[in-house]
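Given below, in the form of structure tokens, are the structures.
Each of the next two complexes has chain A plus one other chain: chain B in the first, chain C in the second.
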Partner chain A sequence: MTLNVTVAINEGIAHISLDGRFDFNSQRAFRSSYDGPLNDHEIHSIEVDMKAVDYLDSSALGMLLLLKERVEAANKSLVLANCRGTVKQVLDVANFHKLFTIR
Partner chain B sequence: MRLTSAPQDSVQQRLKILVADDAESNLLLISKFISTLGHTPLLARNGVEAVKQFECAAPDMVLMDVVMPVMDGYQAAIKIREISQHHWVPIIFISAKTEEAEQAHGLSIGGDDYLPKPLNLLLLEAKINVMRRIAGMQRQLEENAQQLQTYQREAEEEQRTAYTLMKRMIHTESLNDPALRYWVSPAKRFCGDTVAATRSHNNNLYVILADATGHGLPAALNLLPVIQIFYGMADKGFNVAHIAEEMNRRLSGTIPTERFISTVLACFSYREKTIEVWNGGNPGPVLLSATGEILHQFAPRHLPLGILDAKTFDPRTEIFHWKTSCQLIICSDGLLEIENSKGTPFGKARFLEILTSVPAKPRFAALVAAVREHMESNAAHDDISMVMIDCTQLHYPAKLEALAPQPATGHNGPWRCQLTIGAAVAKTLDLAPLLLHHLEAMEIEKTKCDRVVLIISELYNNALDHGLLHLDSSVKATPGGFEQYLALRQERLENLHHGEIETQVEQLIIKNRRILRICVKDSGPGFDFLPHLNQDLSHNVQPYGRGIPLVKGLCKNIRFVGNGNEVIVDYAL
Partner chain C sequence: MPHTLKNLIPFGKAALAGLLLLVAGIGVVVYLFGVDHLLSPSHIALIAVFGVIYIGWTVILYWVLAASRHKDEARWREINREVTDLTHDTRQLFQELSEEYNSQFQLAQDELHRVRDILSDAIGKLINSFTSMESQNRNQQQISLRLTSRQPHPEQAPAAGENEEDEDNAAPPQQPSDVSFEKFVGETSETLSMFVESTIETSKSAMRLVEIMDSVSAEVEDILNILGEIESISKQTNLLALNAAIEAARAGEAGRGFAVVADEVRDLSTRSNQFSDQIRNHMTSVHQAVASAESEINALASRDMNFALRSKTRVQEMMDNIQTLNQEMEVSVEELKRIGEQVEQDVGTAVTSLQFQDLTSQLINHIDQRIGAMQSIMSSIATIGDLKEGEDYEEASIECHQHLKQFKQAIVEATTLIEKVRHNPVAQEQMTAGDIELF
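Coming up: the complex of A and B.
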């Protein structure tokens, strides 16, 4: 099972939608999704939509940390959207709400 | 490692081409043609000669007539394939036998192509070029495979060395504690989970379960500084918050952004009947009674280690006070997430169900068995680790009495050191490691150091709690009193602005014997010490009031001076 990543840009916000299993194997797909938006001056905010993520492991959390660092360096904002069920649980255990805006 | 680049299809590349034919005219025609193409012809007039030439001259390609005397082309081709098992050399049959079945036979016994006689030279040139290209690629693959093999051997050797090194650094023998059971199951050879335990000078048991992002060697490497700090600081009795803070400080500068370590750091005091926990990103240790009642869960209150910088790191711990016998179970998320062949995770519900339904004794084994059964024969995709601490097995007083008298070592002359601690410093001071350092410098033997630190810590804590913070220990005896006591202590400590505690340690030589005289004095109003002095430790079932009888048991004598705000004890070295 792999992670499908789609990017849609709308009014200065890049919506990165993830679908499937977000783990170590999704590294390349996930990283390449945000390179474009980060370098785009028109984009001020990045939203990672977790609605269709059914599994999240610690390397996925690591990738989110990396994204956060890049987003901050680019002076943009970051939101993790539609976090429910298992995804929400994993984020809670790691206390990621202290670092991320989670919706 | 770098693989060499693909070979150039250069026209200049000269090939050695073996030509086998019993007809001189054919030999002459083909070898001339090969020479004009810029290659070197090698000649053979039958199969035996062809095999011999092949062995001596190692050609790059073979053009083989089928019908020859002594040994025919097919047999020669079979021999050549036997000789060059690990190195492919293209063989092209050239024959007047042009039936399809014949051609198919030639290819099936090891030929790579089949050209009909009379020979079309244009076609021969094209075939030679094709074979050369394929042979070039083949050679490249062989070289790469060899390089990969070398690389693999080197990597395995390096991993073996790293593995031995890491095993030594994590010294698992400290896990052989009567109070502790553990299980670690790595997903790969190197484990990104680790469990370690150690006893401090005052016999508190420190336990850590750390789970680094990912698995394998990179994950394991990130654990090393954590383990080093754990042993270094826990042995000296640093408090849990300070250890967690130091671990995070060390990691935050060195660990890559996408990596972190989910950690439970716990300290068990048998005497105080407390468990102090710092939990960063672990699913939550569970405390169970002997009958399987969940007494407490230490929720993850913090981010894992290695994410926040020293300024934003939160070292606050949670303290639980237990009253009856109980077990604490800590596991990594790998255990809860492990999937069976249907993809169903083990899950927290199942985890808790087993813990609560199995009695204390077989509890750990039952959980391990259930996880193994759930895994079936699948290899886990994450590291799994679990540790259980049985609070009734922490045995404090028993170990204390077991110390046999040993001849004194160290400096034989007198010395004295004095430490005065004001209110501001008292808020955060970790006294034990500081004392230990001093005493070790005075060359006092390790076990005796530990005793002395214990005595001073007891007296210091009494001075702080009662002299400066005006706390009443009897609060601990009421239901929920211990937690109330701790909360009150924390609150008063934060608001402490006045007062000081003076600690003096002096070595005296009395009748050729070394005596440590310890004096602790606080600026408080003192207390009624007489009832405490006459208490018998073994009959004390109260959750408080053990301090002074314990000190009394360890020392030659104990004296309170003035209103009780000054205490002097002598300890024989």
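Coming up: the complex of A and C.
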């Protein structure tokens, strides 16, 4: 029931891959995954790979919004990648396509 | 002229002719052979014989003529009788014919008049009916147009100017029929969006709270660690004080002051421990509070998004249905309009066609006149056979001639009348679709 978070850094882009159920209990894992890249001057972009996410609720959306806030404060860019199926539907209904770059 | 005298006339003519021939014959003989020859006894005998032959011939002629005359008379009487009978029968026939024709003509005229009345009545009713249909059709058209352009019914529109002073109501006044599905679905969609946004904002704030809670927890951890340090320091202090007390006891009287100090230090460290415990208890409470706050925030922040997905799908379906409905409505309106125009056209044709009453009136009048003419002819026919009973053949034929003359006269008059009718033809041959005048 927990979310597995892996971070890979490649040419100034931090790829954060999420696997599993993205909800309230993922808060610490998610936060700690992007804290480092945010403060790293070498990194100019953060990409969150949602391919393996099978469920996300409003808390996940809230966390993504917090991430966006902080990425913008650090003058970096943020991309949500590989959004499919229910994940994409939820992002659409929340109008996230207007707020995020979604691939 | 008496019957017998009539017989004698042809006979007289024949006899005279024979006599003349005889004399002519004698004259020729005298001429050829001279008078002397004439007076010889043989010639006189010859003349006598000729004379006897002549007389005989005359008598025979008379008999023959009388006989034939008699036969002819009988035959003529018979014919006369037959003719009279025939005439009598004919007269009766003509009378019957005339009566029959007249009664038929009368019936025909009556029926004609009935036709005229029925037509007039029916046409009047039809025209009224069509006029009414036409106006109903127009009403229908207007109503269907109103329905589709969503204009309010004239009876339901509020009085104008009621809301002019109300600044808040800058939008057009609410009409009862302004509640459209589209508007409703649109509002639902908006409401959903607002709710979703609100939910996510709440979650965002909640997650921020969680982070704050986390940092509080971290602080508590640190404090507890520090407390641990403090407690170990306290323990050390205690041990040192104990050591100091022992050393003081070993020093005897000189160490008595030091022993007191050592005891005080021990008290201090004990008190320090107590405070440390209290702090620890408070930190535990704080930790528990933070934990319960976190679980509350969990409930607050975790909203399943499926409700939104379902709602959105429902709204989309609604919109699609409305779209389809609108299209169907448009098609129906077009259809209604077309039908309305068709009905108008058909009613127009019907009303124009009804104006045939004019045509038929004239035609009926013509027929009426023709029947009248024929009736008069028939009356004349009846009088043809009007012969007095037992009349003389000649007198009867003269009277017959007169009747025939009258008959001919009647036909001429009738023909003139019919000619007049023919030269005054009915105005139109057929009805064409032109301007309709509803009268």
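Criterion: the second predicted complex is superposed on the first by the 103 of 103 C-alpha atoms of A that agree within 3 Å, B and C clash if a C-alpha of one lies under 4 Å from a C-alpha of the other, contacts with A are read in each partner's own complex, and residues count from 1 in each chain.
As a convention for this text, contacts are C-beta pairs under 8 Å (C-beta built on N, C-alpha and C of every residue); 3 or more make two chains touch, one makes a residue touch a chain.
Just so you know, these numbers come straight off a predicted model, no measurement behind them.
Engineer: Taking chain A as the common reference for superposition, should the pair chain B and chain C be classed as clashing or as fitting?
Structural biologist: clash
Engineer: For A:28, using the defined touch cut-off, is the partner it touches chain B, chain C, both, or neither? Pick first, second, both or neither.
Structural biologist: So A:28 only meets chain C here.
Engineer: Touching A:77 in the superposition: chain B (first), chain C (second), both, neither?
Structural biologist: In the superposed model, A:77 contacts neither chain B nor chain C.
Engineer: Touching A:59, do we find chain B (first), chain C (second), both, or neither?
Structural biologist: Both partners, chain B and chain C.
Engineer: Give one of first, second, both or neither to describe whether A:99 is in contact with chain B, with chain C, with both, or with none.
Structural biologist: Only chain B is touched by A:99; chain C is not.
Engineer: Touching A:4, do we find chain B (first), chain C (second), both, or neither?
Structural biologist: Touch status of A:4: no partner.
Engineer: In the superposed view, which residues of chain A touch chain B and also chain C?
Structural biologist: 24, 57-59, 61-63, 65-66, 90, 93-95
Engineer: Give the list of chain C residues in touch with chain A in this complex.
Structural biologist: Listed in rising order, the residues of chain C that touch chain A are 193, 196-197, 199-208, 210-211, 214, 298, 301-305, 308-309, 312.
Engineer: In the complex, go through chain A and note every residue touching chain C.
Structural biologist: Per the touch definition, chain A meets chain C at residues 23-24, 27-28, 31, 56-59, 61-63, 65-66, 86, 89-90, 93-95.
Engineer: Quick one: which bits of chain B touch chain A in the complex? Just the residue numbers, please.
Structural biologist: Listed in rising order, the residues of chain B that touch chain A are 211, 213-214, 257-260, 262, 280-284, 300-304, 307, 333, 337, 382.
Engineer: Residues of chain A touching chain B in their complex?
Structural biologist: For chain A paired with chain B, touching residues are 24, 57-59, 61-63, 65-66, 69, 90, 92-96, 98-99.
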